[in-house]
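In structure tokens below, several structures.
In the two complexes that follow, chain A is the common piece, with chain B as its partner first and chain C second.
Our next item is the complex of A and B:
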């Protein structure tokens, strides 16, 4: 097992290097640079621009820049941001943490919703409840995340209008913007946790929708296949209880692809969280990335790419290891 | 072998009475598809949507960018259409009222109040020279299905912050949002066939290299690639534009976004095609073709790639809704085809999240999300129907 992990980690190195190289190349292709933007400002002297250009190493050809950047990356240094002159890590650590809160929450939600729904509709195949679940999953696959977030926000406002009329309750059920309330700094640790959790519900639900829809459909198909297989019939003939058949005998092999799929859905979740982050003004990766791209603050952009790529790869590795833990037929030696 | 035509035909006719004629693969698939009721509904909805898109100029009362600064028309709610006479209550030809701008005495917000002094009947087949359009670039016209006389205006789905008609812009938006996915799929297909076919056929280090490339591409979060490539390729100074002397007008920006979408999406397709080619390559007919002296390229082109066709068709149909979603997302963050003289559903939805707007006061700005939803849903349904129709194991 340990040997396998080490081998996998070594295998990640070329992919990681390739990804950083490709990202650097693409970022380099963008015409002009941060300093070209600065040079347009009337109160910046050309000498200042030249000095900054040398200081940031922008006077060198791009392969040299890449090697330098990679060198400092290997020492754990992501470089300096052009626009704020701060270490990149200080700028992106908070957004990455905030996005992870959202992604992890929606991942939990995804499994908590998709597995019961999938099992439920497989056990009651072709019933009206099954039809409703499959209609909802088509709906979840087709609705753009950011639009769904907007619709839910509108719904919350309408609900507030309704409760104000009938109960005199003039509050939104869930907060629809930001990650924290305005009085966040006055709260104690538990209060802060609850506050963030309260703010996370809406975006996490939205980010999870398409995943839930896809998972439910596949899990249903898998369950149906296993429920009609020979070993289940044998178990039934032995007199194994219905509950035990569903949850122990059929569900366990059926969820295997989902465990393996965590790595596959992480990129979609991060990407999907992106636009939702914008709708609810979540202080996450995407708003930071967009702002950095607009300012051509290349090292911030690359820093975000490196960290998210690394996270994805680690996610993939973890899902492979989990797979071995769940499926006794798989052994890494 | 030189059988004269007539007796042979007579023979066939005689046979037809006795034996049921066997169907071609395509006929079987079509019959299966027609039985799939939901998929048929999806197909009909799609055909309707594409027809509306083609005739968007005719169906839309206003031009895609038409707006007037005076009188103010920003955030006008949908225009109510009246069917009954205000005094007698009798059913009359539908009409609308012009609106007056007033201020809410408490909140000081702008409110639009109907000016009931004059009725403006809705006219059909009106010519408005200020809103000309062309159908498929072939046929110029300024005839619109409906409209009202000045100074009244009819906004079926309200207006945005600049007072542009949301209804017209949604109809025009399909020309970007519905078309881009279908085009991007071809880019993806080209790249996927090329790299997947090569990797699967040649194997060895070529395979290793291509698959590593796909892995690297999928390791980078696609949002980053999309955003950076889109902002890169829309700059008139980008390398492609320099090489071909493009000045990045809206049509060229559109093509660039197509390229970006296709480029980001080819990896999965290449993987599918590679594994298919790998398995088919071992089939007897490929070996037979090789034994007969067919060149490698011929085996690849004539025997291996066509065998992957049915999978590829399904994969592509199911990829289109993904591209539509991606395009609307890109447009939503302002990196889609330019906003100046085109419209796109994602771009229209961005209006609803703009700074200083509270969605509860302008709910009609969310209407452009509905066609996105419908289009993606229908493509998914059609794709699922095709998969079932082309898969012999799923036949009923």
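Our next item is the complex of A and C:
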């Protein structure tokens, strides 16, 4: 087991180098650089742009830039952002933390919704209730997150209009954007927690729905397969209770593929919640990454790639180890 | 026009102010729509911004319009919303020497940083030193050079500074007058101890903002990256800034900038009542705001179609195509370019691209600088028949299919490139191409990456790699609205002709007039020179201007102190922050 882990860790090195090299290459293939966008300013002299290019090291051929960057990366330095002249880590730490808040919340919501729904659908296969859950699942799969978020926001506005007309209650049920309220700094610790939680509900729900759909479908299929297998029939014949069969004997093997997928959650945790973050203005990774790409602030982009790649690789390793732990058929020697 | 003004007017005002020395700056009643005594103290004004400040360091920010700067300008001189003339700001008076080669400014008494330290000439001199230090890499660096020579700044005494200009120049006063102090007792120390590198590292966004000091009306007290900046009133600002009734400014306690990731998120926040002002970027958003007001969701003012934005969209033809002499001759022919202008349907563009919210543009000055726009330039409006006549003069006549061909039977065809992802430009290009096709001209529209487009546009020499490009420029100022890189024939944004030399008399004249205008300190005389430049350029049509979209503004009704309606435009905005109050 120990030997396996060490071997895997060594294997990570070329993979990691390859990934960063590719990312660097792609960043370099984009025409122009951070300074090219300033060239259209009517009062900036071309000499100034050349001078800044030298200051930023952008005048060097890209292999030189890559080796320099890799050198400082090995010393734990992700480089400097061009646009703010600050260490990349200082710029991406807060977005990573903010995205984690959203993603953890949506994962909790995902499991809380998807496991019961999947089990329920499998146990009542082809019933009306199953059909409805399936329909909702497909809806969740089909609707893009960023659109769904905007639809929910519109719904909140309409609801406010309704409650104002009917009860004179002119407040939104949930905040429609941002991660905190503007009076956030005046709140105590508990108030701050509640404020963030309040802002998290809508985007976390949106992110969870797309996951719920897929998760429920797969879990349902797994459950159906196990519920009709021989060992369940044997258990039934021996008089094991319905609840015990469902949750103890069928659900346990059915969730194995999801355990294997847990490692993949690690990069998702910081990979951010995608475009939903833009729609509800969540200060997470997606907006940071998009802004850095737009500005061609390449070390910020690469910093995010490095952190995500690192976590993906560690996550895969953890998945494989977990799999061995939960599935007696798998052994690493 | 109320913007009519000259340095002389300003000088008279200065003389009057100088008589009553140690006076605070009185913000004119004409700058606010509030009745005398209507403004109240207290309250919070919340707005949104589309990106975080990249830094709090005044010398690093690679982009202009930094949020902290925007909170309001603390410069030696300033321009009010009602006039282009310079008026004293942190300086209580200024005097231009008779030869126009130097300006002496005297600081107001009682200027203080937000930590209570006095602001004196050292703070201005330090800002100047850091801005003119190559290694600091400040955005302001280029502005301090006129024709390659540095503007010199010296301290005469504790309260007086003098700027010496290498030549007479309108823009010199812009650079000198717009100098803001930087805290010498903090950043200056860092600079002296650690040089440019240490200075550049100071005051990044990881700094605790409460440790930074400012001269502005509001100072940042909290910064949550990606979320908001909270500003609080600077108690020392009121010591040198008062309203027309003598009350200390600003009125508000707090000013909050919510950082949003998209303009739609800002719109949602506005409808939710979480921010107090919003500028719709298109008519759809105007519709949403107007609907929300009608529904009673928000109680707000809405001003649609107020003024053209300070940017342009134009088609530029490449005059340097040695490898295709026929095209080169065509693109250099003024009749061809006029014909192309006759094929730009500016009304259709206004309707189809901007939903009716745009104004046609005929000269190279943004319409919002109304004082400078020459209304009588030659115009070549949409007129396909006239275009055909002009093209026939050059030798292009329709063949049997209606395609225009020359004597050799070669069709009239070129490529028009614009940047991919800019929907409005792509649509404008397409509308032009459709009209051209109807007239028998084959225009192949290409949407390419922005940087690639810029690379093509900025190539120099006799053979450049494009036919025509649709692009826009922004920037400029109200003192001399032409950029230094655009009109001179060796400028890198002299984009139609990058051979390094003027090819036409009109270019030579424009180049000469550009220099002459900059050396003319009298504003009215400079305007006449500007008119002449526009007339020459419009006749030459090196850039075929299309339309200028209009801007829209909205704000919550409980926010007072906006400019009188006729002063609101894209350049001066809706309000002066220190004069803003909550009802």
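Here, the second predicted complex is superposed on the first by the 302 of 333 C-alpha atoms of A that agree within 3 Å, B and C clash if a C-alpha of one lies under 4 Å from a C-alpha of the other, contacts with A are read in each partner's own complex, and residues count from 1 in each chain.
By our rule, a residue touches a chain if its C-beta (ideal position, glycine included) is under 8 Å from a C-beta of that chain, and two chains touch if they have at least 3 such contacts.
Just so it is clear, the model here is predicted, and its values are computed rather than measured.
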Which of chain B and chain C A:139 touches, first, second, both or neither: first
Partner chain in contact with A:30 - chain B first, chain C second, else both or neither: both
Partner chain(s) touched by A:179 [first = chain B, second = chain C, both, neither]: second
Chain B versus chain C as contact partner of A:279, first or second or both or neither: both
Partner chain(s) touched by A:213 [first = chain B, second = chain C, both, neither]: neither
Which of chain B and chain C A:304 touches, first, second, both or neither: first
Touching partner for A:151 - first (chain B), second (chain C), both, neither: first
Of chain B and chain C, the chain that contacts the larger number of chain A residues: C
Which superposed partner A:117 touches (first chain B, second chain C, both, neither): neither
Those residues of chain A which chain B touches in one complex and chain C touches in the other: 30-32, 150, 153, 157, 161, 278-279
Parts of chain A lying in touch with chain B, wherever the complex brings them together: 14-16, 18-19, 22-23, 26-27, 29-32, 138-139, 141-144, 146-147, 150-151, 153-154, 157-158, 161, 267, 270-271, 274-275, 278-279, 286, 289-290, 293-294, 301, 304-305, 308-309, 312-313
For the chain A and chain C complex, residues of the former touching the latter: 30-33, 36-46, 48, 51-52, 55, 81-86, 90-91, 94-95, 98, 150, 153, 157, 160-161, 164, 172, 175-182, 184-185, 277-284, 287-288, 291, 296
Of chain C, residues touching chain A in the complex: 44, 46, 51, 54-55, 57, 60, 62-63, 134-135, 137, 141-143, 145, 200-201, 204-206, 222, 224-228, 230, 256, 258-262, 264-266, 268-269, 271-272, 274, 295-297, 449-452, 454-455, 458, 471, 473, 475-476, 482-486, 492-493
Touch list for chain B against partner chain A, complex: 212-213, 215-225, 227-229, 231-232, 235, 237-239, 321, 325, 328-329, 332-333, 346, 349, 352-353, 358-360, 363, 366, 369, 372-374, 376-377, 380-381
